[in-house]
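What follows is a pair of complexes built around subunit A, which joins subunit B in one and subunit C in the other.
The block that comes next holds the complex of A and B.
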């Protein structure tokens, strides 16, 4: 027994000695490292990978234009990306590595709310700035953490606009089928239901599915028997695409609304264009060819050329964070003082390079909570494409005050 | 007193871990060390049921979740001090394990694994869906650390927290060692060898299995509580099946039934995936491959291999 202990201790010492031999690399002169923690593998990589790609592309755009200019120096951006699998512990490990080992002060990415929330829980104590992209859980910015900003509006901000839209279209009995285990999807549905009720409608079913589920015919069969006026689908692209496909296969001929932020290519991997025809996506006005500005069109073109596939609609949240960071660093006049950069971020107007159409609050891209707001839009699948139909009514200032009131 | 090299080596390992903050350049490794020590506590519990009794339990992360949420919710709703809630967490978890295990753990073999797997699923579902209590998938943030800036020790400092986890992991390893050396430990090993024979001589094997199950849960509950106060954030995702499999792997890779096995295995399952970050998309493939190879070629774990090498070298010298 004792002999085993001796050997075990020696083995452990060897295991630890390996990593201790490495040391953190010193930052090269006039190179600014920015870190990415995102889901590069696993189910959430449909959002995380495009975000990481968009960050690399934005960094190259900035470098091509001469870099980040601070006090006569130009800093070229160097992106280091780590996979957090959308998992809270993995995200903590990835960010610890970025801050402690890679000596990164600016961390972007975060497509998943659990991972973003875990990092947000300690980022206030770090000499770093966290720029959240696609994660939509409200609590991430509800605490008003001074060194955290987020480009994507919270899910309930969009859910309320979606509920009002569906109510306005006269639907009285709406069935919900969603990944309701996921906090921000439940948040979206709660806000949706509240506004639908105001318009005289109601949700007659709240059926749930897991993010890895692919056969939703049992829930759809149950919903079909309830004779709803409309169906609301909230969840990741893949399961949502299966639902749209299976609803057609089951002969359900009712309006289908959704909250997925999936691209045409992502949906067409699962469902045919005919099965998707008429589906609505009620979401922030993200990147689609129909809704894009000139900047958006250029982003779409560059991304497609570079990666051989179009960007996912939500990936520009991270792209815009990189440009916002560049302007904030230049405004603060420092790359080292993260507090000054964090303050500058909150004073920033939406940069001209931004792809998303932000609704500034008091002229600023990020409000006092560190939250940015985009317009919400109703998109409909027509002839194989998402077509931007109309803007959904959204009051960014009122929501900003509501968010601050949660503290 | 007789000189024993093992004591010296163990003392050196403990001193090395305690001095880690002074030795290492990047505090990232300190963070990993804290996580590995937390996993050591959970894996020592897993070793009681898996290594000694020979029953694979797939619920260790679920019990960590009960401990984590237990300490957090006790603190939130009853304003109890952090030290007290951390102390209560393993007992709360043990009570859950007793209530769940008493009626259902008389099963044998693979059925035992399936029952415990079901427990983990149920715990995960409850943590995810009882949102009014657990905040669901959004999780609970801002969980306080023990002590504070005005206290004797500031546990926001990772070096201090490393010392705390080292002490706790050492104490729980000692407790596991005492259990393994006791009559209970002997009976558990007898159950592993031949459960029918144990029953035939009048020993109620199920009671010993239940004891190992409840003790393992208490270990996991403590690990979960330490995890919650270290990370300051918990959500159900951290306590799923994948993490329970990590606890099983820690025992297998380290050395099933050996007191040092879970200790080494915990460092293995925490450090190896981090080492492999350079491999990007191939990281998890390489990790999985390493685990498969380790299981095939090191059935007795790292401790077993090291023991064989030591024995061979001694024979060579003689």
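The block that comes next holds the complex of A and C.
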């Protein structure tokens, strides 16, 4: 009898305290987990680690401002990051773990095209939204996957602008040295060459290197013998920095153009400022102190204070994805219905917290392919830093239509 | 013609690094019969330590290199004493397993001590010399000269000193060396110390010419063993010639064919040599 009374009292107490306790906990704080799959170690970590850092920073910014507000509830963002090493298999495993075990519905990061493409191949079947940052392979958004968006424009969008710029500068014989086994670098060069040809120029050599190669003197020696007007270097920061250094060591005194998106600190780990002097980087107008808006400057300052080093120029792609996600969830009014959130992302105007300067298509940050566009810019290394010189012509709407036509 | 000379010069610098790695491996193999797989990881340790001493501890670069070489010698002695000596006299498979385990341990130690970030040793040697259209970067010149000096020192040590004579005696006939009063307990310690010091030098060269990153040890040891086989197991002149042949072949292949095939072509050349001389270029039949 006594035992029955005790159980009844406990049940009554539970019935009273349960709802009260539950609602008080909900009002205090709800948590929304967001996942990161990115290269946190290995060669691609020069892009992946700054992206993961930028995501954490953006999540903290949102949390500090009261979180993601949905129907009177506030959700604090909790970031879970897995290292995919920029590798397709590792990325597939990381995302499966995020979805199946961590029960994450929103996945960000993806600095590498191979890893992003592998996940993109199955994400359409998942109850999740994939927000791609730095990966530049065109095919990632060419399929128009409904639950996938990307902030970085595809490589050929930038390559075309770069080719027109180099052609305009009067170079007729351009030698290319690049990681041409990587699809998006080859895409960049193809688009570059097409525009260069229109301006009366031509590429006289297409030499390649592996992403782990650090000695490019044999290829540079071969190129030197061809007497080009200019050199175009496409590849990761570190091999590119070695190429710039070794081109000086081989006495090559020609204009050097590149597509790398590396920060000053990343280049100076390999080459001296003198060896870098005059090098151009023809890339999307990413975060540099010269090209940044007030929001960009604040992001640069906060990142530097928080991590003790400046952000890499491409890291805000991931930062902006977090803010876009926040606004899309709020617009959709749900954290659970990923299809509604994915639709809201495609209806979104660039958020005010965005660091990159997006070129909206029909007023929207992401076009119908799920692709965002920034302006392209010409940056030049002058006196130890990248200086923003001029904007490159970039027709986001035309490219958006071209991208959709590929399906 | 200028391009050919330039490519050969490009290959000599990396060939010098291969020679130093192979010299360390060949002395250990020639005297103790051990395939010391951890040699590449030890080279990486030396390069990272030099960078740490120069950048974080603020030592002048030459002092940092000297300190890293001294640490390398002690590390080599410790490796012989603690890892290989206990399995001496046992089956070869025991030493083989110890070598593999040691590789993983040193790789792990490198990651713990120096992190996973790529390390480049900035030397400040950025002048460029030009002779008859051929450019010689100052850094590469010093690397070639340093490699030549180390090879000459090693040769003199082995050929002209009593310890060198003792090392050769142990390599040729251990039992006879014991009868002649050679301290065969001390010789392996010295050999490992010297071998690791040479490995440290190779690591410094790789770190200054290119970069040191996780995985580079594996690359170094593969190249080192390739040179060892090409030159002839246990042969010091073979290591020198084999290293230079491999370095120059890679440069010529990358320059005149394609960088994608440079390893393929270099190894094809190696196989061709071995088909004609199975004992290697300087090995004894």
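Definition applied: the second predicted complex is superposed on the first by the 378 of 407 C-alpha atoms of A that agree within 3 Å, B and C clash if a C-alpha of one lies under 4 Å from a C-alpha of the other, contacts with A are read in each partner's own complex, and residues count from 1 in each chain.
As a convention for this text, a residue touches a chain if its C-beta (ideal position, glycine included) is under 8 Å from a C-beta of that chain, and two chains touch if they have at least 3 such contacts.
What you see is a predicted model; the values in this text were computed from it and never measured.
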{"item": "Contacts of A:251 with subunit B and subunit C, given as first, second, both or neither", "value": "second"}
{"item": "First (subunit B), second (subunit C), both or neither touched by A:41", "value": "both"}
{"item": "First (subunit B), second (subunit C), both or neither touched by A:269", "value": "second"}
{"item": "Which superposed partner A:145 touches (first subunit B, second subunit C, both, neither)", "value": "neither"}
{"item": "First, second, both or neither for A:181, with subunit B first and subunit C second", "value": "both"}
{"item": "Which superposed partner A:88 touches (first subunit B, second subunit C, both, neither)", "value": "first"}
{"item": "Partner touching more residues of subunit A, whether subunit B or subunit C", "value": "B"}
{"item": "Partner chain in contact with A:114 - subunit B first, subunit C second, else both or neither", "value": "first"}
{"item": "First (subunit B), second (subunit C), both or neither touched by A:207", "value": "second"}
{"item": "Residues of subunit A contacting subunit B in one complex and subunit C in the other", "value": "41, 181"}
{"item": "Interface residues, subunit A side, partner subunit B - complex", "value": "1-13, 15-16, 18-20, 22-24, 40-41, 82-83, 87-89, 92-94, 96-97, 99-101, 113-114, 117-118, 120-122, 125, 137, 139, 143, 181-184, 186-187"}
{"item": "Residue numbers on subunit A that touch subunit C, as the complex places them", "value": "41-43, 45, 181, 207-210, 212-219, 221-222, 224-225, 238, 242, 246, 248-251, 269-270, 272, 274-275"}
{"item": "Footprint of subunit A on subunit C - complex, ascending", "value": "2-3, 6-7, 10-11, 14, 116, 118, 120, 122, 124, 126, 128, 130, 135, 137, 139-140, 209-211, 213-215, 250-256, 258-260, 262"}
{"item": "Subunit B to subunit A touching residues, read off their complex", "value": "4-7, 9-10, 12-13, 16-17, 20, 23-29, 31-33, 35, 128-129, 131, 135-139, 141-143, 156, 231-235, 237-238, 254-255, 258-261, 263-264, 267-268, 271, 274-275, 277, 280-281, 283-284, 302-303, 306-307, 309-311"}
